[in-house]
Amino acid sequence: MTSISRTTRGVYAIAPTPFHPDGRIDLDSLRRLVDFYEAAGADGLTLLGQMGEAPKLTHAEAVEVAAAVLDRTRLPVVVGVSAPGFASMKALTGEVMSRGAAGVMVGPPHTLRTDDQIVGYYAQVGEALGPDVPVVVQDYPLTFSVVMSVPVLRRIAREVPSVVMLKHEDWPGLEKISALRAAEEAGAMPRLSILCGNGGLFLDFEMRRGADGAMTGYCFPELLVDVVRLMGEGRTADAHDLFDAHLPLIRYEQQAGVGLAVRKYVMRRRGLLADDAQRAPGRSLTAAERAEIDVLLERLARRDPRAKLS
Amino acid sequence: MTSISRTTRGVYAIAPTPFHPDGRIDLDSLRRLVDFYEAAGADGLTLLGQMGEAPKLTHAEAVEVAAAVLDRTRLPVVVGVSAPGFASMKALTGEVMSRGAAGVMVGPPHTLRTDDQIVGYYAQVGEALGPDVPVVVQDYPLTFSVVMSVPVLRRIAREVPSVVMLKHEDWPGLEKISALRAAEEAGAMPRLSILCGNGGLFLDFEMRRGADGAMTGYCFPELLVDVVRLMGEGRTADAHDLFDAHLPLIRYEQQAGVGLAVRKYVMRRRGLLADDAQRAPGRSLTAAERAEIDVLLERLARRDPRAKLS
Amino acid sequence: MTSISRTTRGVYAIAPTPFHPDGRIDLDSLRRLVDFYEAAGADGLTLLGQMGEAPKLTHAEAVEVAAAVLDRTRLPVVVGVSAPGFASMKALTGEVMSRGAAGVMVGPPHTLRTDDQIVGYYAQVGEALGPDVPVVVQDYPLTFSVVMSVPVLRRIAREVPSVVMLKHEDWPGLEKISALRAAEEAGAMPRLSILCGNGGLFLDFEMRRGADGAMTGYCFPELLVDVVRLMGEGRTADAHDLFDAHLPLIRYEQQAGVGLAVRKYVMRRRGLLADDAQRAPGRSLTAAERAEIDVLLERLARRDPRAKLS
Amino acid sequence: MTSISRTTRGVYAIAPTPFHPDGRIDLDSLRRLVDFYEAAGADGLTLLGQMGEAPKLTHAEAVEVAAAVLDRTRLPVVVGVSAPGFASMKALTGEVMSRGAAGVMVGPPHTLRTDDQIVGYYAQVGEALGPDVPVVVQDYPLTFSVVMSVPVLRRIAREVPSVVMLKHEDWPGLEKISALRAAEEAGAMPRLSILCGNGGLFLDFEMRRGADGAMTGYCFPELLVDVVRLMGEGRTADAHDLFDAHLPLIRYEQQAGVGLAVRKYVMRRRGLLADDAQRAPGRSLTAAERAEIDVLLERLARRDPRAKLS
């Protein structure tokens, strides 16, 4: 089994959890999604993030989802295991690592404030999960209300050896990438793989700042793959052109609270999900929103034919 | 099995979850605690609250704790089932109600802000758990960062029939009790049982404002029982005298983040807990803190002999 | 003097406050900016918003800035008067209204939480400022941490007659515009003028939802004017085309904490500001950020020649 | 003129700002208050804190209040100068220092989160006000939502030479005092004078932990003076006895949002204020609250005759 590491690069697509309209998990759609991500060129998958509606699953369901994906793919799979307590976090981590997960992702509890509290929390995570479980730190202030400064990330990287990757979705965050890379080069911290989130909203410049790729759930993962590849090949202008064509939709999908519904709607229209249902509490799109997304898709299709949906 | 109702009165002692120093649950101490609360005159028990370290237990452990208590006592038992999603909340609720719990307690997710969001959340709770599960709303802004105004509580009481009790720990909250009682008398909302928390810090005046009792975990539940009884008998001055003697310790125990450690320390000194360990993350008392509590106990013992510990 | 009203339409450009490198206010640049906004087709101006560094000015300086603008233009001018207390708010309001301001804008104190608190606050604002001062409610949760639901805005519109305009920058907010317009049509609230902020990030669809225009400070106000005009003329596709060309830069400028520096940098490059200095605390752009903006400007210039800067 | 210093000890009474019922400042009552604090044995005064309704005053009024007090007393006077921007902070500081203030107090803006942000803010304060203005850091998380860890305070003490005093009202905070004193003894930071707030709720143990005194506004400043003195003389038991007698009222006065009304009500009953009015927004006490305070005063009078009010 491949594990994530400090040098992991590429696109880790965050998969939504498909549900039937009555709230049951739709494993068929999940497997279809996995095949699609592979075909789209994803380098890995991430499950049970905030956008994967992880907190709405029971422990047993979370294991079922992870197992279905791990059985289906050889891509490395990161599993979100954030939990209010370490007992639950350890239990889920044990289940998914034994089934071949490549690592786990942990977001901070919203009550953390000071530098010491944040560093201390990840030190406890590292201790609770043990040295053999690679950990992704999720740095997402808008959702978690926890602000991780560069010094904090530097300390986590130094003091918690099992932390090997940063899911970067601070906002704004371009300077943070540069500062972390500078700290690494100065020997002030070990290298972290930096994969960027935020729906891809800044992926164009994040790659130019030294990010290793993307870990996010934009409904056209092909775009993420293309931008990362083109930037890697030095075809900067091409990367920008393609990225800019998608930006109106990326922006629309990145709206807090609505984003997941947008994503599932497009994925249903793309034939990937049987239904775009969310588990309660969740909201479906209004007719106006669906019409707006359809406009965005039509406009996008003029520049990226993959957006041409029947 | 007795259920809690809109007219429940008295003291529901909140039981801490006892742990061995290695983090395992200490069921022997838990059973000893249950017997003690019965002997102390508690009218009911509450398990798995914030102070019961509920988020640190796995689902299986939470069921184990609830089962051990429900097997031991005929007192009505309320179980905290707050969870980030309804699937987990329903699962735990099913387990404990089928074993004879008297109701469940639900605190709000910290992200709720507007009146509609809060009312909507409890409407979803009521729907998810079904009409036969009596629900306690936990109104604790300092911990949950959710402010429930009187109009919000009025709407919840009207719109969610299974909500029968308020765990009142807004701070300050005396006027809220009066306003709710006035709304009930004016026919603007159905009656709620109001049991007060906050470690008992305002219990003297809360009873005078029309509260039905206490639901909190102060390390001398006998004091809570006495104050509620004396106030009920109209012996107001006696109630104040006894309350004031305990106030220095109540205040000390009510410190955020330290309170549970204080409580477990005193309960260990009282012979109720084999150990005062908390599961990580939790902190133990410093020598200075232990000395301060010892001073408070000695001073208290001059006025309440039950505080004389060998 | 023209006052803003419930039917105000168009673009109110939010002007930054220009400073010299030593922190003194640069009134020459301010006057040049005013002339530029007029030439660009703005329908009005807004001063001393959050982006105008209003909290960094003394009362006397705020009056000086407002006076300089009011002396220079016949456009209607809205002045931000948010303050921690009503005494200061009244004092500044008196000064600017007597000099011919068209209305004032008030954001909520960050401590407001419940519906009643928010409505109550604006009722007090209305009372403090009197019935003759038209008030703009600034609905900007990301900055103020205050969430105004549609019922809250409906109540404010009904209960505070001097509130005539909403500066809409909730995020996401498209459904809110539709809900407010529906409430107006149903007679549930008087009409409010709705001008949209958020740097213009959703202006394309906001106009389609029924917004009256924009009130924001994007560094190319011409774009805001064009989009509002084209949408008004029913030239939807043209509006989208132009908007999409600017979106990469709009997105870049809309980054919290950096946005104002971006804006001032572009305005300096456009020859509008003598310097892009901010008063402390504020930060200047790094070389990497300046280079990124230059890339964005070059790319934009291929589609909008106004972005071609020498 | 005396300035505060790193070794300042004793009680700095925080004076409320007296208003007439119509909202005008009541300078006569203010002067009466000053004389009373002197007679009560206060070692200094603090003006224009949060409890002094400072944000409700205009700049001119703030200067007027400070001048009236500085003209009346030879006690050292600390003036709160917290402001959203440095321009206003500097302006008020200049006014009061030139009139003989002993120092200024600055609370943090609620937006600060990381260690670097907090330290950076006080570094900017020190720079803006200059090396000759002694600064008190107000550490009050419950009001400001800013959590200052011990490492942060250590850095502020080391990096900002003009910071000489800590107004300590973290909660809980006993361990913080011990940790700061230990850091001082270990040479890790220069000594700070530590005066404690929180209405005095933990003053008994704060003194035992090494605090230098109190800076708070409890309506019986005599009690603060006595406790600090008795603790200083080693008469610990006497200090506790007196403190415990006042604790029921201290606790009542320490309720967020109501405290100032309680304080003004008692001070009016004590003949110190002509009226207990607050400026809007503020609330007056209900009949039930007044009755509760009267009960507390009567009960207190049995043990401290100074509470016997006619």
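As written, the chains take the letters A, B, C and D, and residue 1 is the first residue of each chain.
Just so it is clear, a contact is a pair of C-beta atoms (placed from the backbone, for glycine too) under 8 Å apart; a residue touches a chain by one contact, two chains touch by 3 or more.
For each chain, UniProt lists the protein as follows: A, B, C, D = 4-hydroxy-tetrahydrodipicolinate synthase.
Keep in mind it's a predicted model, so treat the numbers as computed, not measured.
More C-beta pairs in contact connect the chains of A-C than those of the other pair, out of A-D and A-C. Superposition of chain C on chain D using C-alpha atoms only gives a rotation of 180 degrees, nearest 5. Shared residue numbers account for over half of those found at the interface formed by chain A and chain B, and the copies are therefore classed as meeting with the same residues.
Comparing mean CA positions across the assembly, the chain most remote from chain D is A. In whole angstrom, the spacing between the mean C-alpha positions of chain A and chain B is 38. Between the CA-based centres of chain A and chain D the separation comes to 47 Å, rounded to the whole angstrom. Centre to centre, using the average C-alpha position, chain A and chain C are separated by 33 Å.
Shared interface positions of chain D, defined as residues touching 2 or more other chains, are absent.
Residues 171-172, 174-175, 178, 201-202, 204-205, 208-209, 240, 244, 247-248, 251-252, 255-258, 286, 288-289, 292, 295, 299 of chain D are the ones touching chain B in the complex.
Of all the residues in chain C, the ones that touch chain B in their complex are 113-117, 147-149, 151-152. By the touch criterion stated above, chain B contacts chain A in their complex at residues 53, 55-59, 61, 83-88, 91, 110, 120-121, 124, 128, 279-281.
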